[in-house]
């Protein structure tokens, strides 16, 4: 499982590209399409002068959905890039970056 | 300032409609259009197999933007509906609802 | 209910003192004593070199307990000081302060 | 650096003990002693009927301090136990547990 990660393609800035499977990508895209729809739904609610509390409840739902997407990506990243770096004895930098993104994400 | 709120129009479920000014609505719509663009940006990043950490940073930015929209709505709501209810001696229920939505929103 | 709040005692910086009942104070003190005990429990876990994940779970429990204390205080404050100010036509500043503290608290 | 972790002592439930250095432990204990003092400070504020908003600001400070302790432990744990497990080809379970605790902690 680790072996097929030895040749992670580098993209811009020498950052490794992701190694998400087609299934994972499809699942993430589906969630994000739904979030996009929810954001448009809130625009409609604003236009229709809907009750603030109802809009706030919808906003909470979007935040929860985006958090789920975030946790998936975080897990992918830890299982993929971070584990790969650790297994190659280069974990320090990968873990620094991971901790920074966790802090930013859980703000 | 309170007077023009005495005739809050009721919408479905007898919930009062919002009393946002055109300027407030325009500002909220602009923020939400930008969020919609950011969500589509993340879909593109997934399709292009971009680096997880970069996507997570973008997700944090969307969460921050949605929180700002939420605080605006919360403030509108408190200044409008809640204040109106309190001034009319009917604050209890409005404050119950406010507290519930704050808890949900700050999860 | 609002009447007994007309003479809110001012303390340092002209800030109004709280109007918590003895029961509310007792309940808050109990929660905070428990939190104090939990914090000391974590110190013990550190001294005993306990497993990080177990300590993190305890930390989450403390955060949840403190959030509950915070929501109680926020509700007290909104029902007491903020409602009082609104009823007296002086709601603007009280709501500004409320919004600021909600933002800080839900970080 | 990884070598001295090959013999992680197991404690109750076969959970590995922590591998914090004395300096790390001292720093964590100092932070937690300060948090304990802050919690007692809030108890005093309740007893003295202090202004809700001032108490809420103090609560936010405690939450921020506890989050810092949490991030330190999370980082220790990832650099220590998780990396060790990954390097030994046993990363899956360690990462599952890590993700769960991150979710709980960032609630």
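We call the chains A, B, C and D, going by the order they appear; numbering starts again at 1 in every chain.
Here, a contact is a pair of C-beta atoms (placed from the backbone, for glycine too) under 8 Å apart; a residue touches a chain by one contact, two chains touch by 3 or more.
Values in this document were obtained by computation on a predicted structure and should not be read as measured data.
Averaged C-alpha coordinates put the centre of chain A at 23 Å from the centre of chain B. Remark: chain A and chain C have CA centroids separated by 33 Å (rounded to whole angstrom). Residue positions of chain B touching 2 or more other chains, listed in rising order: 74, 98, 105, 107. Arrangement of the chains shown, judged by which pairs touch: one closed cycle in which each chain has exactly two touching partners.
Every pair of chains meeting the touch criterion is listed here: A-B, A-D, B-C, C-D. Only residues 11, 15-20, 25, 28-29, 32-33, 35-36, 39-40, 42-43, 46-47, 49-57, 59-60, 62-64, 66-67, 69-70, 73-74, 76-77, 80-81, 97-98, 101, 104-105, 107 of chain B touch chain A when the two sit together in their complex.
Chain contact summary for the complex, chain B toward chain C: residues 2, 71, 74-75, 78-79, 82-83, 86-87, 89, 91-92, 95, 98-99, 102-103, 105-106.
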